[in-house]
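Shared between the two complexes below is subunit A, which has subunit B as its partner in the first and subunit C in the second.
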Partner chain A sequence: MELFGIWVAALLTLGIFSFLYKDNPVYKICESIFIGVSAGYWAIANFFDALHKKFWVGVFPTDGSDPNYMLWFGALLGVLMLLRLSSKIGWIARWPLAFIVGATAGLYMMLYFVSNAMNQVASTMRDVIVTSPETHLIMWGETIGSILIVIGVVSGLVYFFFSKEHKGVFGYTARVGIWFLMITFGAHFGYTVMSRMSLLIGRIDFLFRDWLHLLN
Partner chain B sequence: MKFISIYFVLLVSLSVSAQTNDNDSTSLLVNDSLTIKIAPPTSVIVEDYKYDDADNLQLHWVPSIDDMPQDGKVVRYRIYQSTNNGSFVLVDSVNFSVNMKKIEGLAIDSTYQFMVSAVSKNYEAKSNKTITIQTEREWINFNLASLFLIALLITSAVIYFIETARRGKELFVRKIAGLEAVDEAIGRATEMGRPILFIPGIHDMDDVQTLAAITILGKVARQVADYDTKIRMPVARSLVMTAARETIKTAYQTAGRPDAYNDDMVNYITDEQFGYVAAVDGIMVREKPATIFLLGAFFAESLILAETGNSVGAIQIAGTARPAQLPFFIAACDFTLIGEELFAASAYLSGEPKMLGSLKGQDVGKAIAMGVIIVGVISITLGEAYGIEFFSNITSSIQSFFTVNK
Partner chain C sequence: MLSPLMAITVQDIGITVSLVFILLGLAWLAWRSFSGKEVDRRIIFLFIFFSVAMPVIFKISFKFKATPIVNALYEKIESLPNNSTVLISYDFDPAMAPEVQPMADALSRHCLSRDIKIVYMCLFPTGQGQLEQTFSTVVRNEFPEKQDGIDFVNLGYKAGGEGVLNVIVTDFEKMFPTDVNSVPYSEIPIFDNIKSCKNLDLIISIGGGRPGIKEWVLFVGDPGNIPMAAGVAAVVAPQLYPYYPNQILGLLGGVKGAAEYENRLRDSDPKFADMPTPATTMMGPQTLAHIVVMSFIIIGNILFFRNRKRGEIS
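And then the complex of A and B:
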C-alpha cells in the first residue's frame, strides 16, 4: 500500500511539473484530482470541525458542562446565508454577510492600530547618536542603524501620504521611502526564493530517493 | 600477658564504642544540617486584577528573609488556593526572588483564598492565609486610554473630512499609478475580446485585504458592465463567492444591465491553497485573459499566479498588504499597489465622500505619527548627547503614551 502511495504521489508530482512545458491533458487530470480531493477534504473537515465539534458539541454537551447558547446565533446566521438559494427571500442572505464584514472591521481596527501604528511609533523614537556607556565614544554601527530606521520610517510614511502630490522636497522624501521599500522587498525576494528552492529540493529528493531509489 | 590481652581487648572495645558513639552523633548532626529551615513569605496580599473580565486575581508577597540568591536556600514559592472555603490545593509555583503572580482562569461567582509557601530542598514554610476575595469585572479598561484618545482624534478627522466632502468640497488625493491603469486594462480586454480575471486572494471576508479587493471589484465590475466585457472570478472561500456575486450583480444593476449578470461569473474552486492555484493557472493558460487583477491576501501562491499571468501576456494589476509577497508582484506584474495603496484604491476609485474622508482622516494619523517621531527622536538625541533630562523625559512621556498595555 505504501508503495502504491509513493507511485501515485510521484506520478502526480510529474503531472504537475509537466505544466512547466505547457498545458496538457496529464496536467488537467492532476489538477482535477487535486481540486476534487481538496474540495471534498475541506467539506468534510468543515462539517466535523465547525458543525459538529463547535456547534453540536457546544449546544448539546455530553460532558456535563453548560450549553453555549450563543452558538445558536452563529447557526442562525448560517441558515440565513443559505436563504440566498431562494429567489424571493434571497436578499436576507446579505445580513449575515454584513454582520461578518462589520464585525471583522471593528475587531481588527484596534488590533492593527496598536500593532501597526502605535507600537511602531514608540519603537522608532530612538537616540540616533549611539555612544558606548563606558568610553562615551560613538558606536558607528548602532548609530547608522538607528538613523536608517528613522529615515526609513518617516520617508515611508511620506510615500503613503495621499493628500499631497509627490513634488519638491516631499517628492524627494517619498522617493527615498520607495527606495527603502524596494531594498526591503529585494531582501525578502532573495530569502523567499531560497526557501522555495528547499521545497523543490524536497520534491526532487522524494522522486530520486523514495520513488526511484537512486539516492541512498 | 593475660592482663595485657584483657587491657587490649577493653581498649579496642572502648575505642569501637567511642567510634560508634561518634558516628551516631555525626549522623544526627548531618540530619540537622540537611534540613534547610527557612522563613515563610510574609504580607501575602490578594487583590482584584484591574481591567479584566473578572477572571483574574493578583497575588503579592514579601519574599522570605532567607530568599538570598547567593545562599540558594529558597528554591521556589508554591501557591495554594482555596475555592469557596474548600481545602487548599497547590495551583502554581514560581521561582525564588519572584514576589507576585497573576492567578488566571477564575470564576466571578466563587470566593478565593490563597497561601504562599517558601520551599527549600527539604523544607516548606507556609505563609498565613489571605483574606477571602471575589473577582470583579471592570467595564472600562483605562489601560487603553491613550489608544482611545488617538482613535478619537483620527475618527474626528475622518468625520470632519466626510462632512467636508459631502458639502461638495473637492478633496485632493494624489494619483496612484496602479489605479490609473485600471481603465486602460479594462479597455484592453474589451478591445481584444478576451476576459478579465479577478483574483481576490485566498483569505476569507474576515481579512481587510479581501474587503478592499471586493470594493475595487465593484468599480471594475461597473466598467465591465458598461463595456460588456467578460469577467471571470474564481475564489477560494464560499463567503467571498457570495460577496463577490452580490457586488458584481449590484454593479450590473447600477449600469442598467441586470440581464447581463450571470452567477457563473464567480465560481468557488476549493479552500486548499495549491488546489486553488492549480485551477487558476489552468484558467489562465486556457482562457488567456487580457487583464488580470491580483488584489487581496496572497501567500506562497503569489509568484506562481503572477508568473503564469505574465507568461500568457496579460496586463497585470496586483496589490497586497503582505510585505513578503509584494516583491513577487513587483517583479512579475505591470502595476503593483503596495500595502496601504490597496486600501486607498477603493476610496480613490469610488470617489465617495465616506471613503475619501476616511482616507484623508488616515493621512491626519500619519501626519501625527511623523511629527511625533521627529519630535521624539530629536528630544532623545539632544537629551542623551548633552545630558539634559528634560528632553529625555519628553521622549519617555511620548513613548509611554504610545505604548499600549492591554
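And then the complex of A and C:
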C-alpha cells in the first residue's frame, strides 16, 4: 500500500511539473485531483473538528458536564450565513457577517494596536550610540545598526507622506526611503526564492529517494 | 599514505561535475543572450532543475555558523533549567514541511535532550500529521525513555485559530479538557503546575501561515508577557524581523535558519554528531540554485543597461 502511495505521489508530482513544458491534459487532471482532494479534506476536517467536536459535543456532552447553550447562538448564525444561497432572503446573511466583522475588529483592535504599533514603535526608540556596559566603549556594529534603523524609519515614513510635494530636502529624504524599501523588497524576494526552492528540493528529494531509490 | 588522487571521493567528483555543468550552462546562456538570441523559458526551468538535482544526488552540503537571531533561541533553551516546560505549536501543513519540519525536529531533540518537558499542539489540522512525524523520528526513536504525559504531551489540534489562543492565555483546560488520547487534563502530570500559557517557560510556533507566530505574539506573547520564539517558512521571515528581539527572542527563518540550528546543535555536543540534518543537506542545492538565480539577474541587468545605452529600450 505504501508503494502504491509513493507511485501515485510521484506520478502526480511529474504531472504537475509537466506544466513547465506547456499546459496539457495531464496537468489539468492532476490540478483537478488536488483541488478535489483539498476540498474534501477540509470539508471532513471542519465537520469533525468544528461541527462535531465543538458544537455537538458541547451541546450534548457525554462526560456529565453541563451543556453549553451559547453554542446554539453560533449555530443559528451559521445557518443564517447559508441563507445567502437564496435570492429572496439572502440579505439575512449580512447579520452573521456583521457579527463576524464586529467581533473580529473588537478582538483585534487593542491587541493589534499594542503589539504591532506601540511595541514596535518602542523598539525603534533606542540609543543611537550603543556603548558596552562593561568598558563603556562604543560598540560600532550595534551603533551602525541603530543609525540605519533611525534613517530607515524616518525616510520610509517621509516617502509615504504625500501631503507635501517631494522636493528639496524632503524629496531627497523620500528618495532614501525608496532605497530602503527596495532593499526590503529585495530581501523579501530572496527569502521567497529560498522558500520556493526548498519546496522544489523537497519534491526532487522525494522522487530520487523514495521513488527511484537513487539516494540512501 | 594515500596519494592526493586516491583521496578524491565521489562527492568531490560530484561537486566538480556540478560546478562545471553550472558554469558552462551559465556561460552558454550568457553568450546566447548577449548575441541577441531568445532563450526558451523551458531551458531556464531545465537548468534550474539540474542545478537542484545534481547537488541532491551528489550530496553537496556546506557548514553554517549560527547567526545571532538563531543563536538567541539556542541559548534560551540552553539557559532553561531541567523540568522547565516549553510549548511547541505545529502551525503548518505538508506544503511547508520541507522547510519547517527539520527545525521542529531539531527543537524537539534539543529540548528532550536537556530534560525539558514539551507540550505539543497544532493550530492547523494538518499539523497533527506533521507532529506524528516528529514523534516517530525523534521522540519515540531517539528518546524511548521519555513518557507520554510526564515528559511530553500531545494536545492535538483545536479549531478556532485566534479564539484558541485568546482562551489558553488564561486557561488551558477550558480549551483542551483532554489530550489527544482523551486523557483528562487533571490526570496529565505535566500540567500539575500549569494552568495557562503564563506558566510556560517558552512558546515556539513553527509555521508560516495564519494563524501563526504573529497571532501568537498578538494574543499570547505580548498580553501575557511570555517568552516567544518562532521557526517559519522563509517567505514570511522578513515580516518577522521587526518583532526581534523585544517580542520574539529568536527566529529560525526558512531552511537556512533550520540548517544553522542543526549545525549549532551538532557542534555543541558529541551526542548530536550523528543526528539527521535534513536542512543542512538541503542547503547544498539551495546555495547552487541561488547562485544560478543571481547569475540570471546579473545577466538580465547587464543586457538591460546595454540595450538602454544602445537606445533599444526607452
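Please note the rule applied: the second predicted complex is superposed on the first by the 201 of 216 C-alpha atoms of A that agree within 3 Å, B and C clash if a C-alpha of one lies under 4 Å from a C-alpha of the other, contacts with A are read in each partner's own complex, and residues count from 1 in each chain.
By definition in this document, contacts are C-beta pairs under 8 Å (C-beta built on N, C-alpha and C of every residue); 3 or more make two chains touch, one makes a residue touch a chain.
In this text, all values refer to a predicted model and were calculated from it rather than measured experimentally.
Asker: Given the touch rule stated above, what does A:20 touch, subunit B (first), subunit C (second), both, or neither?
Answerer: second
Asker: Of the partners subunit B and subunit C, which touch A:179 in the superposed model: first, second, both, neither?
Answerer: In the superposition, A:179 touches no partner, neither subunit B nor subunit C.
Asker: Of the two partner chains, subunit B (first) and subunit C (second), which one does A:55 touch, if any: first, second, both, or neither?
Answerer: neither
Asker: Quick one: is A:101 in contact with subunit B, with subunit C, with both, or with neither? Answer first, second, both or neither.
Answerer: A:101 sits against subunit B, while subunit C stays out of touch.
Asker: Between subunit B (first) and subunit C (second), which, if any, makes contact with A:192: first, second, both or neither?
Answerer: Both partners.
Asker: Taking the superposition on A as described, I'd like to know which of subunit B and subunit C A:211 touches: first, second, both or neither.
Answerer: A:211: touches no partner chain.
Asker: Would you mind checking which one, subunit B or subunit C, touches more residues on subunit A?
Answerer: The partner that reaches more residues of subunit A in the superposed model: B.
Asker: Output check: A:81 vs subunit B and subunit C. Expected answer is one of first, second, both, neither. What do you get?
Answerer: Once the two structures are laid over each other on A, A:81 reaches subunit B alone.
Asker: Contacts for A:200 in the overlay, against subunit B (first) and subunit C (second): which applies, first, second, both or neither?
Answerer: In the superposed model, A:200 contacts subunit C only, not subunit B.
Asker: Shared contact residues on subunit A for subunit B and subunit C?
Answerer: Dual-contact residues (subunit A): 46, 108, 112, 114, 119-120, 122, 184, 188, 192, 196.
Asker: Going by the contact rule at the top, pick out the subunit A residues touching subunit B in the complex.
Answerer: My answer: residues 16, 19, 22-23, 27-28, 30-31, 34-35, 37-39, 41-42, 46, 81, 84, 93-94, 97, 100-101, 104-105, 108, 110, 112-114, 117-122, 124-129, 131, 150, 153-154, 157-158, 160-166, 181-182, 184-186, 188-189, 192, 196.
Asker: Can you check the complex and tell me which residues of subunit A touch subunit C?
Answerer: Residues of subunit A touching subunit C: 20-21, 45-46, 49-50, 53-54, 107-108, 111-112, 114-116, 119-120, 122-123, 184, 187-188, 190-202, 204-205, 208, 214-215.
Asker: Which stretch or stretches of subunit B touch subunit A in the complex?
Answerer: Residue positions touching the partner: 146-147, 150-151, 171-174, 176, 205-208, 211, 239, 242-243, 246, 269-272, 274-276, 278-279, 281-282, 285-286, 300, 303, 323-324, 326-328, 330-331, 338-341, 344, 348, 359-360, 363, 365-367, 369-370, 372-374, 376-377, 380-381, 384-385, 395, 398-399, 402-404, 406.
Asker: What residues of subunit C sit close enough to touch subunit A in their complex?
Answerer: 42, 45, 48-49, 52-53, 56-57, 59, 95, 97-99, 125, 157-160, 162, 166, 217-219, 221-223, 233-235, 237-238, 242-243, 246-247, 253-256, 282, 285-286, 289-290, 293
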